[in-house]
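Look for chain A in each of the two complexes below; its partner is chain B in the first and chain C in the second.
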Partner chain A sequence: MTGRYGREISTAIALAAVLVAVAVAAPQFYGARNLQQILINNTPVLIVAIGMTMVILVGQIDISVGSQFAIASVVAGLAAQTGVPIFIAGLAGMIAGAAMGVVNAALIAGAGIPSIVVTLATMVALRDVLRWTTQGRWVQNLPPAFQWAGFGQTSGEILITLITSVLFLAVAWALGNLPAGRALYATGSDAEAARLAGIRPARVVFFVFVVMGLLTGLAAALNAIRFSEVQSNAGAGVELKTIAAVVVGGASITGGRATLIGTLLGVLLLGIIGPALTFAGINAFWEKAIQGLIILAAVVADARGKARARVVPNR
Partner chain B sequence: MSPIVDPRSRFERWFPNQEWRLLILLAIELGIFAFTAANFFTTANAAELARLSVEIGLLALAQTCVIVTGGIDLSVGSMMGLAAIVFGSLWHDAGLPVGWSILLTLCLGTLGGFLNAYLITRLHTLPLIVTLGTFSLFRGLAEGLTEGIRNYTGFSPSFLFLGQGFWMGVLPPQLVIFAIAALAYWLLLERSVIGRGLSAIGFSEEGARYAGVPVRARLQLVYTLSGLTASLGAIIYVAHLGQAKSDAGTGYELMSITAVVLGGTSIFGGRGSIRGTLLGLAAIVVLQNGLRLSDGPAELVGVLTGLLLIATIGAGRISFQSEQQEAEVKNSQVAVLSAVIIAGALLVAGSNWWLVRSIKPSATASERRTVIAMMPKAKGDPYFVSCRIGAEEAAQELNVELLWDGPTDLDPAKQNEVVEGWITRGVDVIAVSVENQAGISTVLRKARSKGIKVLTWDADAQKDARDFFINQATPQGIGNTLVDEVARVLHGKGEFAIVTASLSAANQNEWMKYMKIRLAEKYPNVKLAVVRPSDGDRDRAFAETQTILNVYPNVKVITGIAAPAVPGAAEAVKQSGRRDVKVNGLSLPNMCKPFVHAGVIDSIILWNTKNLGYLTVAAGVALHNGTLHTGVTQLTAGRLGTLQVDGDEVMLGPPLIFTAQNIDQFNF
Partner chain C sequence: MLLQADGVSKSYAGVHALRGVSFELRAGEVHALVGENGAGKSTLIKVFTGAVAPDSGRISIEGQRVEENTPAKAHALGIAAIYQHPALFPELTVAENLALRLEGRSLWRPIRWRARRTRARALLAQIGARIDPDAEVRTLSMPEQQMVEIACALGAEAKIVIMDEPTASLPAQEVESLFRAVRELRQRGAGIVYISHRLEELPQIADRVTVLRDGCSVETRAIADIDRATLIRMMVGRELSAVFPKSEVPIGETVLETRGLGCRASALRDVNLTVRAGEILGIAGLVGSGRTELADTLFGLTPADRGEIILRGQKQTLHSPADAIRLGFGYVPEDRQRHGVIPPMPISENTTLACLTRFSRGGLIDFKLEREVASDLAARLSTKMASIFAPVSSLSGGNQQKVALSRWLATAPKILILDEPTQGIDIGAKAEVHRLMVELAGAGMAIVMISSELPEIFGMSDRIAVMSHGTIAAVLDRAEATQQRVLALALQGTQ
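So, the complex of A and B:
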């Protein structure tokens, strides 16, 4: 039963269990508007998690995405303040993200420093650079067309969902079918073997970190246009949320194994817990503990599944 | 039989992971700060430095062993939070003697560490995932058990001595514990068969197993020890701050990992040393302390730490690669690289020195100006940013030097650290917005005993720890006004919900306490439906409000009691299209203006934050030159005119209520 998608299946079971529990405890959770809102609120995390899936797939990690997210938000806001079209402002956010991605990429793929060290350094440094320059001030007095990129709430929400869905499907398809996508799997499984097979692992890793920055910039821009002001400390904890989602979704942190379906399940599972607990009337004080338990439960379920799978061939 | 000869030179044996780089770095830091930082080379500062690094240092020692095996432990900071409140409740609620409480807390830490160990070794799961889970679980349990609110204070002086006292006048007691722990970890990692085994596991788990290393038992040992060490760190932390609260050790896991990695321990496992970790720790702590004493911006710490990490590890990485390639140019390459690193470090440090010099006014020209050091709860918080504008204005008018520094992150111990720095540096007046009453009062008393005048503003410390409190509003006054505003909108009947900052935020919890009292006394028909946290994040407040509106259709007022929570809640109400729901609370006019004019926000309550900053500096000057002293009933404060002094409190005046009518008159 476990087979190829064992990890994804155990995450799906955990998600289903939470959904059933909510259906029993608080059926009003399944209101259309509520589900819509949860989905929209989780799109930024999902977009960053798509990038994180690729990063983890090649056996690396990026803990600087929260700081990148904050800087890209502010850059997009400042660009919009100058009066350029919102599309350009969003692009500015993405370029800022990609630029930070290039810095990470150069240090990791170019200089060969471990990714956790590089991104730990950029996480701390970028956050403090932002604090220094903004001194905590928000970007206010944005043009009215900033919010929803001028499309109005309903169309704006559809636009954000559409962009996220297209991106998700495109990356999922590319990972499975394009040579470039397979190169990620190859690099993550065994960089040396990949090199002998004609892939340049350093280039793959470089590319992945730049894309990570680009996607973080996109997520920040799409998140920013849901509001009329840009806060200067956006994206706090995004790195932990996305890493947890990707890993709960079945990716192997040592690389070579990850699917976007798993990541989607992980994002949904972790994103639903908070609202679901509010619906169930459980006090917010216990939320973090329950979140931890669910992560551990997914891990344990998977490990037990694996253990059973190991026993079977010996019989 | 001839003895086994170690092929490495003495130099290589002493610094197997190029720890000499850190030694040079540390020497450079010390050299620069000797010039730029006031009172840097004093015994008192050395003792304080050592004291401040003990908690993170303990975590870093344990983390070194974990990382040497190729693992990681993200749960240590959360374990500190859990251990702190369990220790507090054992001592306070269960009434156990301190000794037993300590023992049981250490058992809890061991147990928590073993939980990690069990899940990692028995289930063959990766440490990162398991400890990410327990990272949430431990902190969550701490918050759940205390409901975020309860914290424990009033520990006996003999226990507090452990964290605050001095042996023989110079030696902080926790430093002795730390030294013993460091020695024990050194023996374990570098002088024992077990330590060799840990390295072997880090290089190759499979290989170690074939070589006869009991891999499972060894891994269980390091993670269990890590839990135990974290709980020991928690006890010292409680003794240091005098308060046990669920947010103890927030973010310490990353700081400990930073120290370990900077110390040359390979994140992939195998190589690592306790010496390196201690040097890495020292490099970071000295940098923080030195920058503070040089009046450098605190944000530089993060930037420089990041640069140092990349520079030292990058250089180590490249020279390691070149060794592997066995290139003939190896030595010269290393030499060039080292020169580059040293030049880089000099450049960074030198530019910093220049910056510091250029910021510092030429004090030699005129007589020394009065130095007023003012601390917010959080530097980046827009509320405090606007207080600072007023403070700067007053400092300019009155020709005094204003130092503005405080925590940039959620670490509740940071305020103490900053005040300690100011005491060492030597300032005339310290003014603090207190986050952690029991914790900071000790260090404020110390400042007073050294002849520094102490003010509190925004939130008070214990009364005997300060000269005056700049009172902008009492928690009771805030609570009452908030509830009155809610009841006004609801016409005395209905439900409302609160979006607070974090669940353990001291101020917010105090306000909510008085809000509930006021509700019970005056408005029996107004019901508080639910309280949700926003963690000071506008986006989180937005999502929480959406959920509240869906779950509680009868809620007609959302009260945000953190500056970013009000616009977040307002945006959610606006997007929901619910015209029957209003938002109010405590926030800044500039953030809320559009929503107030759109009719989503009914009113916000706040005092004039600029005036609060202005008054604090003015009162500081008056306190310093003697016009403000016990017994006076009035204080003249520049453009604010004459203000009332009530006992030991300077009153700013009643809070303002901002509505669509008056909000445009204010710009902060």
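So, the complex of A and C:
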């Protein structure tokens, strides 16, 4: 037994090892501007990963977040085009995300269809709806107050980082301190046992998918204001990045076990590989291969942990 | 002698399932095996089919001793087993299912479809079953699937066919065609071990009967020499050995009443019962008689679609366990490993899970209160644990059961439903659970206890409801209940 947080500690050690290796191989990586850039680039992934942690915690999966992200980005951009305050435009993106979350939630928790199937369908459908309506055009001619919410780059980056940090801390605290957080862990561990304890697993799952959509909308809006135009293919690959980060962070893919601190470590570990390779002068093609190996290691650790749990005496 | 078992013993974690059982099966006979729940019938069959290795004793087939029996070996020696729920592949056709069992395994030899179908048709015809060999098994009824299993045994030229409650789920008119098929097997010289709870059907089909009780073989007799009452007496025939701490407590007013309660999905029908404060109502009956289904319906897991649930005089509708908990129910299910507790969660969190809001201050979990209450309950139940934060999976079965109980003590229910509360836990923990039940009843809780152990039912209950075929056959007072009477009610056929 490595203790309750063994998986998170392993990920932290791996992250530290990478950081040390980079310090030796490419010390210029530690430039303030570069670190800032890595941080800001990963904030959207982290926000989506917060939602994904909850989704995986309750034993589900959402692979439609990339498509949700794209639609929410475009919705926020279109709202901003009409001249409403940027705050309202961001809210529009979040509402769009939550609405898509409701669709997933209704099909998964309401109709009882497996989440992998539902979100595969919504992933494809939402992406095509967007492609068809935008014809691939970007949202341009945005008001000047759109980029960085009118605060300028430095303040804008601080704002985004601040929102992300507050959100992260709030959700981490809620998972540990609210009865609702406990209900998530119970549902993911054993939905039937949770039901017998008076929890309503279907409601829990519904709620989680709506929050997933809401957070994806927020991430999309915060991502969009970093640029002067909104791409209609934003968020491509976000689903893979976030699921990978959650798994690398020590979550059990079958549910019941996940921590937000683990997810943060996962996002950082996977997020610094690319830039670190660039600074070390290694071909960037290696990025995906190394990330793949890290994910594989995490999944193997999860499977081995489960095998060990299975031979615990006195069952 | 086709099959002979001598002095077969088997124990699971110190519990004796079989103690020196002897059994013999002749060629061309149907040999019935009867006994209460837990008498050791299933274990004995598993020894024959090689699924379980006995601790001691020997098995011989046609005079040859069988060493280290395995399922493959048993199959090769001509032993076939047919269970209550046929083990066929639902998506494959009848002919394909038969072929899977009967044809040699060769990955490269092309399939001879026509021969396969002809053979299936011939086998089915021999046992008088009118089943299309090309029908997918999932489209067949349960009796038809049983027939396919029998055709399989016939095709394998099995010398020994073991049938575990083949008629349990069959309507009366289907039983006769099953019997015809069994007689066909017997005619061909096969020996059949026939397990059934339907004692009344034994004279029609069996030649001899062996009674198992508490893991021992009591007696073997010709079926013609024995009547139903004698059989039941042989199946029970024990004194109440264990001491139960049951004490008389004042019985209060009616807490729970059901009128004509039924649930189509779980075949529960027309249940009328009352439970009063301070009372322990024992629910006896065979496995599959609807006991757990009744508990599930009372707790809102499989909500009733007929009848009424009346709590303290008020008619209530339960749609979910959450409703039941709000109304004052607690439920420790039979399958505690999976559903009574959440194994990876700490003991403290498992204890408070059913009433988390009560452990919250201003919407936040009060960890101090949670720890205190969980520790108090663990001390009261003398739960042996490393720490209150240890995962429940680290505990022994008996201690896990105590955590499952403590969850409901934390909610302070008015009615506590316990399904097999002491199954698979050691004697010490068992006594503690019994002591706790008495204490709770003394404090005015109404307890519904389902148990397969008749001594426990008799030792702990104020009244005993006997279930059979999805309903309550009778409710007996402690004074008027005898083991024979309870068993006779539990075994009674469909009216």
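Convention: the second predicted complex is superposed on the first by the 295 of 315 C-alpha atoms of A that agree within 3 Å, B and C clash if a C-alpha of one lies under 4 Å from a C-alpha of the other, contacts with A are read in each partner's own complex, and residues count from 1 in each chain.
Note that a contact is a pair of C-beta atoms (placed from the backbone, for glycine too) under 8 Å apart; a residue touches a chain by one contact, two chains touch by 3 or more.
Since the model is a prediction, treat every value here as computed from it, not as a measurement.
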item: Which superposed partner A:179 touches (first chain B, second chain C, both, neither); value: second
item: Touched partner set for A:23, first chain B, second chain C, both or neither; value: neither
item: Touched partner set for A:107, first chain B, second chain C, both or neither; value: first
item: Touch count on chain A, higher of chain B and chain C; value: B
item: Touched partner set for A:84, first chain B, second chain C, both or neither; value: neither
item: Chain C-facing residues of chain A, complex; value: 177-179, 182-183, 185-186, 189-190, 192-200, 256-257, 309, 312, 314-315
item: In the complex, chain C residues that touch chain A; value: 299, 301, 320-322, 324-326, 331, 333, 337-345, 349, 353-357, 359-360, 363-365, 393-397, 407
item: Footprint of chain B on chain A - complex, ascending; value: 26, 28, 31, 33-34, 37, 41, 107, 111-114, 116-118, 120-129, 131-132, 134-138, 140, 153, 223, 226-229, 231-234, 236, 240, 243-244, 247-248, 252-254, 274-275, 278-279, 283-293, 295-296, 299-300, 302-304, 306-307
item: Interfacial residue positions of chain B with respect to chain A in the complex; value: 119, 123-126, 128-130, 132-141, 143-144, 146-148, 254, 257-258, 261, 267-268, 297, 299-303, 305-307, 309-310, 313-314, 317-318, 321, 379-382, 384-385, 388, 408, 503, 530-533, 535-539, 542-544, 546-548, 550-551, 564, 567, 571, 575, 590-591, 594
